[in-house]
Amino acid sequence: MVNYRISDLMTCTIADMLKDGETVFHGVSSQMPMVAMHLARKLHAPNLVHLNIPGGVNPSSVKQSSYSSAGSDLVEAGESYFPLDQIFDLSMRGKLDVAFLGGIQFDINGNVNASVIGDYHKPKVRLPGGAGSAVLIPTAKKAIIWRTKHDPRTFVEQVEFVTTRGNLWKIVTPLCVFVFKNGKLQLDSIHPHTTLEEVQKQTGFELIYDEVRYTKEPTAKQLQMLKQIDPYDYRSVEF
Amino acid sequence: MVNYRISDLMTCTIADMLKDGETVFHGVSSQMPMVAMHLARKLHAPNLVHLNIPGGVNPSSVKQSSYSSAGSDLVEAGESYFPLDQIFDLSMRGKLDVAFLGGIQFDINGNVNASVIGDYHKPKVRLPGGAGSAVLIPTAKKAIIWRTKHDPRTFVEQVEFVTTRGNLWKIVTPLCVFVFKNGKLQLDSIHPHTTLEEVQKQTGFELIYDEVRYTKEPTAKQLQMLKQIDPYDYRSVEF
Amino acid sequence: MYKLQSLKEAAGTISNQSTVALGGNVLHRAPMAFVRELARQEKKELRLVKTAGAHDIDLLCAVGAVGTVDAGFVSYETVYGLPPHYRKAVQTGEVKANEHACYTVISALRGASANVPFMPVSGLKYGDLLEHNDYFVVVEDPFTGEPVTLVRTIFPDVAVIHVQECDEEGNAIIDGPKFEDVLMSRAADRVIITTEQVVSPFRIKQNKEKIDIPAFLVDAVVHVPGGAAPASCYKKYDVDEKALREFIGLKEKQEIIEFVRKYDKKDYQHERRNRTW
Amino acid sequence: MYKLQSLKEAAGTISNQSTVALGGNVLHRAPMAFVRELARQEKKELRLVKTAGAHDIDLLCAVGAVGTVDAGFVSYETVYGLPPHYRKAVQTGEVKANEHACYTVISALRGASANVPFMPVSGLKYGDLLEHNDYFVVVEDPFTGEPVTLVRTIFPDVAVIHVQECDEEGNAIIDGPKFEDVLMSRAADRVIITTEQVVSPFRIKQNKEKIDIPAFLVDAVVHVPGGAAPASCYKKYDVDEKALREFIGLKEKQEIIEFVRKYDKKDYQHERRNRTW
């Protein structure tokens, strides 16, 4: 039995979702998917195409990304330059396989809110905004959301504002993985350290599942590689 | 009295139309305006911005342009790179001062035909096409047309097909300069070597003019500079 | 043409209610010295345009210079947290937040660069952003009859872009990621460059293939080393963590003014526009 | 991923009636070896797309491979004269000429790169091109009520682009003017690169800032030194005047086939795809 933290588990779970040869994009404040993409490239998906906001295609290292996953280091370490505007175009053309996106509230119908709590024009809370979500979630073949918070205010019956919806595929949290299937957010797997009861307690809607599966634990190989590619533990920056 | 040819006169006449600081574009097969732009930059318009299809801004020399005014030499000799698609955008934004364009037929109402003789879909003669004319003549502040042929089939009462019309300003021919004013092509000046009768004979519509002015002859300084900047006489390539 | 201006002069050309496109992205290569000067000159009701803004938008909101923000994302990066002044200004109704999808800011600027009134956007299909914003509209494609979303063009009056190198005529080189800056230089009616270095004609000639913004598009060049700080500037300096954390903690407008004042000396160091190469 | 293919293989992937965007401009950096191979393989009813074409379009019209040409201008440059085969094909009704304003080809390709059904074009306001072509339409801007012209998007099935340097994975570098080639690589469903040189991973890494087309957009790389001849290729060779003048004088289809055959040896020199760096 290997020793790992939630951030390691989430990172490896995300990496496992990525296939060789896929074009994959992450945005700003996205250290965990950035590390996961790099992990996938180092292990099972060497031809994965890593795209990011500053435009460095397949950066050879993400070690210098400290506080930022939108910094110049990704271009400096990249093999070529393909910036944000063109990544959006790529997704519009149906050629972006996976997009990693955030959000603040998610509901059982797969709606995402990253915009406001309260009225849009006079909000109680102005959130940062959906960034590219509103065009990427409908157009990327698979949108993956990761969220380091899992509580009943995050996973709700109905979001207060629909920033977007679309090709949502998976949501990875510290407690579980949701899969969006047949128009509903369903439980895909729960993490080994938790229980169905705890996930239900922290989720604002009735969980949907056929059977309870546990998320695969990180392998020793993955954990070892993580140490190597992310020595400063950027993957845990949101914890 | 200086010694010069029609091509020298036309080139200098064109150069004199250009003002310092203007953004000016020429296309393919446009050696004469290319040389004229360079002449203007060398003499009275040092801040004229010379734009061209390959994208070389302000090429320091046009000596290598031999058969082409769309060749890489213009980029190699250029001070920066600003290619065709962006030049079009610039004109759309109203920031292109002068565009040099061709055409095969012109009529008294300022219409230009560079497309077909006969039916558009089953033409008697398929012409090369208007290239950028159809968007540049309406949007450049001043469109200048040069034509080395002046006969009744070129200057007609009514063109067979209207490729475009718009901000046509001047047309320079081996016989005269037309100016487009109050919706009509009017005689601006006739070249010193010709007569009103000859111009009328070679023009397919009744000439409009208040008084008959003669085109200014090239100065000795202009002719000297022409020899220097265009030693292989590309300005005469259409003659 | 010699286009060097002082920071004061260049910012002085921005009138209230101008639409200002800000270069850079989140904490990277934001034109902060210029932004601070806009704050010092007490501009009002600016319309700010950026795909993803952070300290720049937050600071201008803090001093009450902003009327509208058109952006896809306004926040600091992970470790620095949320933009308190922007949030407050939007929540009190002082600032109108036009939320975009980042790409729709790009599309709206592409519209300006081609001088068309709108741009079609294929990805924006679902959700309340379409419902609540009058700059999005769904029409019928006249060629196929299918629905297509249009975003209304944003025509910036001015783009303010911070670069590493620029010559006195305005030929500007951006090292590292260019973000939306090149597009902004084509979309805006006027372009103001702030630059770490004013380089010689010889040096710019040696590097002409790297010129991102040709001189003839540029109206003013301002020499401000450190002009992106406390944001990062590739090859020059990284984010100033201390300054950012301090700023985020500030509450009162007077504190903000003090924060800006601390940059006066640095921002004005080349105010006399002396030639430096 | 290793993407080297032989010329025959790569051209073999083009089916009849494909929409093919051709790189280069007039007599410069046209993908002539590939064009000749399309002729050899007797493709039919291709739809060719280019702002300004010359020998490439003329040759394919000469062998009866073309159904439609979407271009702003089709002609050789001044000293070489008009394209006889294109003209004849259009005048007999064999080829449909969709005349564009060069810029509207660019707009139509921009539409494809963003996957939208049309693009607004502000400059196209007057004349018979608007009347006679169903790919232009004037609609009302929903935001202002003003008329605006739209051009229907052209979605190329494939872009064929000749470059000076490319690695085995498809990272391509265009020396000198890029014309519409970069845009075409983003607009087309597939991208085929023909290249003067196949360069090593080391060399491409040393020049990564000059990469115009990143590998992941590229489907096939074909090694054809002289692949633009008789058009020019910057830093490699100039226009082959003799060949062009000869071609323009040809009348019979059999003469054209002979003309193409003379290039067989050169075009096929790397048919075995041996690694050359």
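In this document, chain identifiers A, B, C and D correspond to the written order of the chains, with residue numbering beginning at 1 in each.
As a working rule, a residue touches a chain if its C-beta (ideal position, glycine included) is under 8 Å from a C-beta of that chain, and two chains touch if they have at least 3 such contacts.
If you're wondering where the values come from, they're calculated on a predicted model, not measured in any experiment.
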Worksheet entry | Interchain centroid distance [CA atoms averaged], subunit B/subunit D, Å | 28
Response to the item:
Taking each chain's mean CA coordinate, subunit A and subunit D are separated, in whole Å, by 40
Worksheet item: If you average the Cα atoms of subunit C and of subunit D to get two centres, how far apart are those centres in Å?
Response: 37
Worksheet item: Distance-wise, how many Å sit between the C-alpha centres of subunit A and subunit B, to the nearest whole number?
Response: 57
Practice prompt. Any chance you could list the residues of subunit A touching two or more other chains?
Written response: 92
Discussion item. Multi-chain contacts only, two chains or more: what residues does subunit C have there?
Written reply: 114-116, 121-122, 209
Item to complete: Make each chain a node and each touching pair an edge, then name the shape: line, ring, star, complete, other.
Response: other
Worksheet item: What is the complete set of touching chain pairs?
Response: A-C, A-D, B-C, B-D, C-D
Practice prompt. Using the touch definition up top, name the residues of subunit D that touch subunit C in the complex.
Written response: 107, 111, 114-122, 137, 139, 141-144, 146, 148, 150, 152, 209-210
Worksheet item: Given the complex with subunit A, which residues does subunit C contribute to the contact?
Response: 25-28, 51-52, 71-75, 77-80, 82-83, 86-87, 90-91, 93, 96-97, 99-104, 106, 121-129, 132, 175-180, 183, 232, 234-235, 239, 241
Worksheet item: Can you name the residues of subunit A that touch subunit D in the complex?
Response: 21, 23, 47, 49, 57, 78-82, 86, 89-90, 92-94
Fill in: Residues of subunit D defined as touching subunit A within the complex
1, 112-116, 171, 186, 205, 208-209, 211, 214-216
Discussion item. Looking at the complex, which residues from subunit A come into contact with subunit C?
Written reply: 28-29, 31, 53-56, 67-72, 74-76, 83-85, 88, 91-92, 111, 115, 120-126, 128-136, 138-139, 161-166, 237-238
